[in-house]
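Here subunit A shows up in two complexes: once beside subunit B, once beside subunit C.
Take a look at the complex of A and B:
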């Protein structure tokens, strides 16, 4: 009986294995996207997916490129390690996509990147800011700036705009993103003549930060740099307020989410963060994008992830158009040769590391919304 | 005796099939191949956990921890020695990496097992859960294995052949261990610890043996996983991963090897088949598991396995 079962199982596996997947039909260009539509970082994934989808719809309404329309194939990776590899394998080997768009989180982009690279399929990450992502190989691109730049921008902001002399750094040791930002911030800030008043750690997902915040308070800094993600940051802001730590808190693009405002309420008021774009910036490109997004998604204001998701798809379409082909190699070459692409998140070029070189904006929480403060160029 | 022959035949058939399948690997679609390897790795994890949770009746929630120990050890070993070894010796290096991963995981199993296996039931579950989390947090802070950003560029050495051959060996080892005279002790401990010790069986020793053996194979599975995904990050080894493996064991039927193997395959394939339902995927998945548990609370495949085992005594 056991033998029978085993034989059965084995033949079932082999049958499934030999079944072959589809491919690109002649009239459409199939683009794969993987995003965290469910799980811990779902708000990022949903935003970037909505932006990407809007871009594909706009491209198709304008007739597509090379006389073909785009077809977007989206897969959810549940914000879980181990999933991106499966999902990207499926998109490439089973669905036969010409390019991959994704992911927001650097750790998941890092998992998917070697697969895209091995298959010679260009992959464009909308918002993975960790430098290592594009180091994987020459088929991996991104349309956002990287952590060293963001860390330096915040160091300049702290010295010039906040006029801070002593800054405490509160890092999420569970997240490489947070550690990267903290490192580059510290380098930039000490170089500009500032002092680091204290370095404290937390673990993403913690609920109580009072011990560390008390230590920070006793160090009496002028401001606190918190390079974390929105849920943790909201709780940190609330508890800092309760402890009477009344100095500005500031961080990176991980702050940007409606959830920060919903949880933090008045405790996040007046704090700052750097990000990729401002929805209230006075640029015709941004205004048109915000209007289109609001119309498509029932009045929702697009956040940075949505704008980057939109840009990643537009950037790919631009590359395919310039390549004049959907061949992976040709798209790769066209993308790598980008010198001036007008994105919603600002003008950008692609450097030799396949990273986007572009400006960052600083936003402030004011009256329960994110308000544009200033733009910082590279 | 009859049962031992059956197990041996099973092992040989399994290895032969793995070798044949491996031969045709280049023709397989990569996605299906990846899923098939996932199946094999999950079989090893589920069958080894079944030795602890099923046969010996100890509720462990730390299997992902052992898997992490094995995976990181094997991956680091491969990364260090990869450049020093000529291509022809790579398979040997892979075996060495996997074995080392398994042994270190077994050592971790011994380390956790000896002090904590005097505990029973819920208390043991909590200790093993804590152990799994400790491993994850330690890895997260170890710069030499990439800390929170993960370990990348691990060579891709895991093939269908390796995975299924090792799965067959795991099944064989666990089945023969449990079916041996010595192995009756596991079941005795599971059935009634007090009665077993009054018969001269040392329950702690049996529990530690089960723990160490289970951890060894979990370590091997971790090594295969590392060389399959080529990227390890600590978040992939949190307690949810342990729960996934426990679900395979419970769904398959505690202590039923065949059932656990089938459950591991089903639970790996199911989420993939459900991809077409997009947003509703995980809801359907959970509903199916609830449905299966209600329909077969004793586990999927209880069949004639127990009867056959009893007849051979």
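Take a look at the complex of A and C:
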């Protein structure tokens, strides 16, 4: 089944290349990618994969690096726990990739990271924001900001822009991402003088949230922080609206997906979330990326995961170029020494924890689309 | 007080869905003495049938409308009744005279088969799909409480279906035959009851119930995916056991109780993480004192 999915997801060019079974001794640099191409967070995986694929194609069109072209080998982890370990093991031991790109979800990156670390294969997560991911070891990097920063950004946003004094927090206890973000938000918000009006939990995949939302409503908060993923968030917004909980809901980058709008419809209108970049921002780098992406994927507007997927591949290529080698140790050193990398999602540097230091943007759902509201620098 | 009443409404609405699903479990058990684990997947198929039928119906009847919704529900119900009978014919009938455990394991197999086949992208795909709004929905505001029309509908339909089922089982010829099969298959066959027909009918009816439950569930939470039946299915199974498996009013009572317990446990700040733990701990306590369930009759097993 995985093979079938893989065939469907990858372009014919890559397929042909893979069928030849490159390895690294030959004329190509084999890069492994794992993503949630199907399953609960499928739109994240598909977006990041499309971004990565576009980057690899652009790099190859420009002649590749070190005189070699890139070859991308993609595996689907079906948004399931347990699968990332399987597919990353396979990519490293069977296919012999020089580096791993993936995943969006922190829980799944955390599963794969120890394997990459053990095998001394650099791994770059495009969008896992939980701090624990890069704490696994010195071969693990990311091109996105981390949850302490995102949590603080949202805490400042709640106090300054929303002028909220009391905020309720509604956490997905099944996800490391959600729990981490909730923790850092609470710390930041109480430090800024706010009160947490209530702390309620749900399990990702639940369909009925009315019990918790009724409790939240009776606590009368000024706003509700919901650091969840888009499928759950859409249902939460619908049921909050039904219960007459008419305060702003806001969350993190887990919200960003077309599915949020498709399911949530008018119930998600007016709510806010922080993310990595805005497709409607006026920067030449973003404009060029959006145009290339639209051309490649039938007019589809790239979301943050697509931009980060693109950045992760570009960042790796930059590292390999500076290392002058495809040796795991050398790539690792080059990546760790990055001080100024111009990514689509903004200028970034890599700090001592191998996390990207860069700015965040806040988007609002307006008229059935995501609209740019403000940029927050670290 | 307002908080309490609102949670009561939330709990009843959730419990009614569980009750509706539990009715299907308990009816099949009543006749065949085995748990049809594929019931929760027929529920999912019901929601997906409606999802795929809706655009076609929308061309003829405007949506959301009561008439349009009724037609869609009817078609989905028929599709699922057919699927239910097919499952019985293909998977359970060949095992009719085998030990009950064999059939039970097969039921789990059928359930997994449906779930994972449907997750394949050439079937439904694993991503969540937005369920269309079939019915005009409003929220009623009464004394500071909010009752959604969908929730009222669920309670109403569950009550009607419970009565209708009770009527079918107790007052019709088909129902008499079902009860006869449930008592003793061989004796019923000797009395001229067509066993295969009765069992087929039972599965058809059970699956039709599942389809209705699936659509109502999807109206409540309009994001559907192939695994959507697993959680409510498990809860409904527990509800059926709690009420006394094989007992129709028991299933409804068990469903309501479970819905209320979950809602009240889930509505406590700081404790909502443990909502299933609290609900299930109470259920275990109840079953310790009434092992046959709330309305079930204790039977002596002949060895």
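Just so we're on the same page, the second predicted complex is superposed on the first by the 355 of 378 C-alpha atoms of A that agree within 3 Å, B and C clash if a C-alpha of one lies under 4 Å from a C-alpha of the other, contacts with A are read in each partner's own complex, and residues count from 1 in each chain.
One rule holds for everything that comes next: a residue touches a chain if its C-beta (ideal position, glycine included) is under 8 Å from a C-beta of that chain, and two chains touch if they have at least 3 such contacts.
Nothing here was measured: the structure is a model prediction, and the numbers come from that model.
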item	value
Touching partner for A:61 - first (subunit B), second (subunit C), both, neither	neither
First (subunit B), second (subunit C), both or neither touched by A:132	first
Partner chain(s) touched by A:81 [first = subunit B, second = subunit C, both, neither]	first
Contacts of A:106 with subunit B and subunit C, given as first, second, both or neither	first
Partner chain in contact with A:38 - subunit B first, subunit C second, else both or neither	both
First, second, both or neither for A:175, with subunit B first and subunit C second	first
First, second, both or neither for A:242, with subunit B first and subunit C second	second
Overlapping contact positions on subunit A, where the subunit C interface meets the subunit B interface	1, 5, 38, 78, 173, 203
Subunit B-facing residues of subunit A, complex	1-3, 5-7, 9-10, 13-14, 16-21, 37-38, 74-76, 78, 80-82, 85-86, 89-90, 92-94, 106-107, 110-111, 114, 119, 130, 132, 136, 173-176, 179, 203
Interfacial residue positions of subunit C with respect to subunit A in the complex	2-3, 6-7, 10-11, 13-14, 119-121, 125-128, 130, 139, 141, 146, 148, 217, 220-223, 225, 227-228, 231-232, 262-270, 272-273, 275-276
Subunit A contact footprint on subunit B (complex, rising order)	6, 9-10, 13-14, 17, 21, 24, 27-36, 38-39, 137, 140-141, 147-150, 152-153, 225, 229-231, 233, 235-236, 257-258, 261-262, 265, 269, 272, 275, 278-279, 281-282, 301, 303-305, 308
Touching residues (chain side subunit A, partner subunit C) in the complex	1, 4-5, 8, 38-40, 42-43, 78-79, 173, 198-203, 205-208, 210-212, 214-215, 217-219, 231, 234-235, 238-239, 242-244, 259, 262-263, 265
